[in-house]
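Look for chain A in each of the two complexes below; its partner is chain B in the first and chain C in the second.
Right, the complex of A and B next:
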């Protein structure tokens, strides 16, 4: 067993502490600002704590004026449908690409990989025109369709788990008369549950935080949380104490999800790296 | 295998057909829109010429108005007695005007707040008809021409708005955005209590006196000028102040006439050096403001004495004056005499356009005309009604400037029209890598290290570098001043 030197242990803690501070420091002003009055925000340093920790005015204002409740509900509906569809499609695509050999398989994989290198922004002029002509702008399905696509990261996460699922299981089922779809639905899909959870969390957080797509496609009728947050930003001035309160409110749902599902995130990420 | 191939071929055929029909539709739609736009231009011009639009036939119509003036729709942001931020709905002047318009005409108005041009640009790009009226002050002239319905001819606009029509967005003799107001711009917005405490009743008339006042304010521990340098757009004022230095509003564009516009012996270079000298003297805020709201608060609370901006900022700072104090302590006065006289820029303000793709062009025009004839609404916005037949209401914020212009103590310079020289100057600056983000000012301003206020070596080097880049850019593009 390798003995840790005292210096190594000290250095480890110093670096860990520095990393913690690096992550926490930007959050501290947000928490402070959320409890400050507008005058306090303008007249004090961002790292000065609020004079009254029980000032919930900014939270109430953000919910009332920003209609954050409705925005969070819209976000939940979009995420619920998009993630269900995305996970379903990702597992199907991954199953086919992992288990079957067919002509053009490499091309399909290459195309999926290539999408990683195309920034979303660059394609939106064309995509917006398509969605517009489908008469879906300002409607929830526009964003749901765009979010439901299969991504290469999801495929790799699934591949990692599929590699550990013995092919003999598929073959036994095939001998017993099961169709490929039955094998997928009865055997593969249940076994892919941990990877699905990982994908759900990773992509869920990404979608929840996304501003670009919902702002472009859901202009006024259906606001998601990030778009609702944006309405507090003025062309020159912004009441950041209210924005901070809204941000804290937005962190709550994602924090709850994270607390319940964090072990799956670790599993999925570790697995993906190994793969 | 054959079946798979058949399916694949069929899918490819369907996709090809879908692609063709998509392209076909696009062409048809574009042509249709252009025809429609052309047709409505004729009918609009006809209506305008006859001066008759039967509004009763438009009853029940709904128009969608997109504006960047969030304050005018939702109300000014203010602080209550506890210091918390709220929207004062009594100042939602556009919302109130829209209600009055609906009462009088039966045309409904839906107001939408857009943060900036990018919010609505995609809708225009797909020729969407959901935008009827909009206000986008920062569009290029090509964008105006592409997306806005021609409002009237330049000749007609000159008849209604005089020389101010020349500065409205226009191309080939057509006005694309009507600006029914004017404003005195680029002056000193100051906190009267602060300068009084420093021993001054008004903004001094000369630069020397102005600098002395800044020293006196600084000695009180108050920031003389709030600049908000952390963003680039506040540097835009410098180009206008150069007009005051030269006594010529077009001096920035006239850089094209020389090869060394950034040298201090020329008006534009002199103005940048004046700003940088203020920096060296510690007249700007030492801290970094987190956003422009905090910068405005610094003047409202008396932590800074003044800002150098347009009139638009005055009502916003007045709205931020703490509870218990009179908002009118925030005043607006002309900049001092920088050597060529005392000037203030007078420019058309508040632009209103009809979308080329709107299906409610007549109702939209009626709404814009309603705005242009409401002198009180225009004054509430902080501007002066400019239509010839309308008796203007002068907002209080202009009381100092207006009386000084009347008395001949200050000259109003009409903002120059954007012409081929303006465009050419921008092209040269772009070629020189100096145009974006006001780099032509920012690079010089930032070249001086505020901790070494007497060392201007880096600044002078930057002047040389910018002059060289500008001259080379001009030569490379073959651009010359056109008389």
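Right, the complex of A and C next:
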């Protein structure tokens, strides 16, 4: 490594400090507000810290009136099912496309590749009609079906790992009388676990944060967290201090996930780019 | 060879559902959209063929041209966003005290959803909000504005949010790419008495040129699909409607499905060009390597 000059190191600290301030400043007033009373909110500057850091009234109110607990549960159920299905399908498709030669394989591969050219936002006029005719609007399966599609990025992440799993392993199992399904189930699937983790995190964050799809299909009955939060402050003109508390509540789950899986996020994303 | 029948069964059972999902929710809808875009379909009844009428309106009516002009603000915001992300990645790529803390803070915006980001920035741009309070605090009262009401300022204001929201994604990609550069390159450069800025200019940037291009094109295709921030913050008011907000309004509020389909196709074509270019470029890059 090249010796970093003193100037460079100082420059680095100054820049990184500025960057961190840039990131944190917009969030600070939200944290303050969540602990302020209504009177305090309207009488103090946004940059003034709350007088009582133990004022949890706003949080309790947000949970009770915003039905955010329920919404978080809905999100958890949708995420659980969608991610399981999506990852399962991705391993299945990848196994078949990587290990077998068959007629039409090129076409199948092209089909999966070209979907990345079709943005979700450009198909919903028609997809909504389809979901509507399936009578799934405002029901969880609508979003789950849309989320469980297999993406090309996922396939490539699996391919990377499959390439390192020796084909001789498959063949010797075949000679021992194992069926193809057993090979997939007993050999391939367990070895694909790291790739599954990467996919789980990448797509999990994406689905948890998605607003577009649930806002179209789950406006009533089973709202996800993002939709509930949107309706909470959008339609009923909820005071900002309550909304701020709700926001902090929404950050908690993802904050916990992040704390435990930080390194996977960095390497997962970087790996996805490489492939 | 006895296994060939069982392998065929496995191939079919493993592929059928994912392919069906793909066809029903991606390919058939986009083809239907193409057909509907030449009609005046209202969501019910029979679609009436009207040729290129929808496209003609989209490309001549100033109200709809404005949709794409609004996107330009988001593309403009992508420039400081990418520069910021790249400089950050260069600085973070190394060993120093506080590295993990910095990384944890820098990734925060990437983890937040559109509703949370929008609310944070409603509070930020409000008349008595964070930005005006800061301007007050440092004595720049004259720069205070009604950021979200002023028709000249609202689009650049909310477009600038995307810098804060999306730089993290670019940063992680750049950072990951920088880490894949073989360390021998840097060692050789060090032996030759290379300076840090030379290292960045002649080793780092050329090595990750591909990833830089991909990120630029991702920003272009993202700008054309902007939805959440203007929709959640302002519901498209004050002239902040984007193509995707217009698609939703036309299709679901005004029942002009044919028109919405035409706009969808237009967005699709622009994304197609951006993603297509990205693929061609990254393939070319692979060959060079």
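Assume the second predicted complex is superposed on the first by the 246 of 275 C-alpha atoms of A that agree within 3 Å, B and C clash if a C-alpha of one lies under 4 Å from a C-alpha of the other, contacts with A are read in each partner's own complex, and residues count from 1 in each chain.
The working rule: contacts are C-beta pairs under 8 Å (C-beta built on N, C-alpha and C of every residue); 3 or more make two chains touch, one makes a residue touch a chain.
This is a predicted model, so every value here is computed, not measured.
S.K.: By the touch definition at the top of the document, which applies to A:46: first (chain B), second (chain C), both, or neither?
M.R.: both
S.K.: For A:242, decide between first (touching chain B), second (touching chain C), both and neither.
M.R.: After superposition on chain A, A:242 lies in contact with chain B alone.
S.K.: Which partner does A:205 reach: the first (chain B), the second (chain C), both, or neither?
M.R.: Once the two structures are laid over each other on A, A:205 reaches chain C alone.
S.K.: A:250 contacts which: chain B (first), chain C (second), both, neither?
M.R.: After superposing on A, A:250 lies in contact with chain C but is clear of chain B.
S.K.: Taking the superposition as given, does A:181 touch the first partner, chain B, the second, chain C, both, or neither?
M.R.: In the superposition, A:181 contacts chain C only.
S.K.: Quick one: classify A:125 as touching chain B (first), chain C (second), both or neither.
M.R.: After superposition on chain A, A:125 lies in contact with both partners, chain B and chain C.
S.K.: Tell me the contact category for A:164 with respect to chain B and chain C: first, second, both or neither.
M.R.: After superposition on chain A, A:164 lies in contact with neither partner.
S.K.: In the superposed arrangement, does A:38 touch chain B (first), chain C (second), both or neither?
M.R.: first
S.K.: Between chain B and chain C, which one contacts more residues of chain A in the superposed model?
M.R.: Touching more residues of chain A than the other partner does is C.
S.K.: Is A:96 contacted by the first partner chain B, the second partner chain C, both or neither?
M.R.: Second partner only.
S.K.: Quick check on my understanding: which residues of chain A belong to both its chain B contact set and its chain C contact set?
M.R.: Touching chain B in the first complex and chain C in the second, residues 46, 125, 128-129, 216, 230, 233-234, 240 of chain A appear in both lists.
S.K.: Which residues, counting only chain C, touch chain A once they are in their complex?
M.R.: Of all residues in chain C, those touching chain A are 3, 6-8, 10-11, 14-15, 17-19, 21-30, 32-33, 36, 43, 84, 87-88, 91-92, 94, 96, 98, 102-109, 111-116, 119-121, 123-124, 128-130, 133-134, 137, 164, 169, 172-173, 175-177, 179-180, 183, 186-187, 189-190, 194-196, 199, 211, 214, 221, 225, 227-228, 232, 244, 247-248, 251-252, 257, 260-261, 264-265, 267-268, 271-272, 275-276.
S.K.: Can you tell me which positions in chain A touch chain B when the two form their complex?
M.R.: Touch list, chain A to chain B: 37-43, 46, 55, 57-58, 61, 65, 125, 128-129, 132-133, 137, 215-216, 219-220, 230-231, 233-242.
S.K.: In the complex formed with chain A, which residues of chain B make contact?
M.R.: 22, 25-26, 68, 70-71, 77, 79, 82-87, 112-113, 115-116, 119, 122-123, 125-126, 128, 290-294, 296-298, 301, 303, 316, 322
S.K.: Which residues, counting only chain A, touch chain C once they are in their complex?
M.R.: Residues of chain A touching chain C: 1-5, 8-9, 12, 15-16, 19-20, 22-30, 33, 45-47, 89, 92-93, 95-96, 100, 102, 108, 111-112, 115-119, 121-130, 145-146, 148-150, 174, 179-181, 184, 205, 208-212, 216, 226, 229-230, 233-234, 240, 243-244, 247, 250-251, 254-255, 258, 262, 265-267, 269-271, 273-274.
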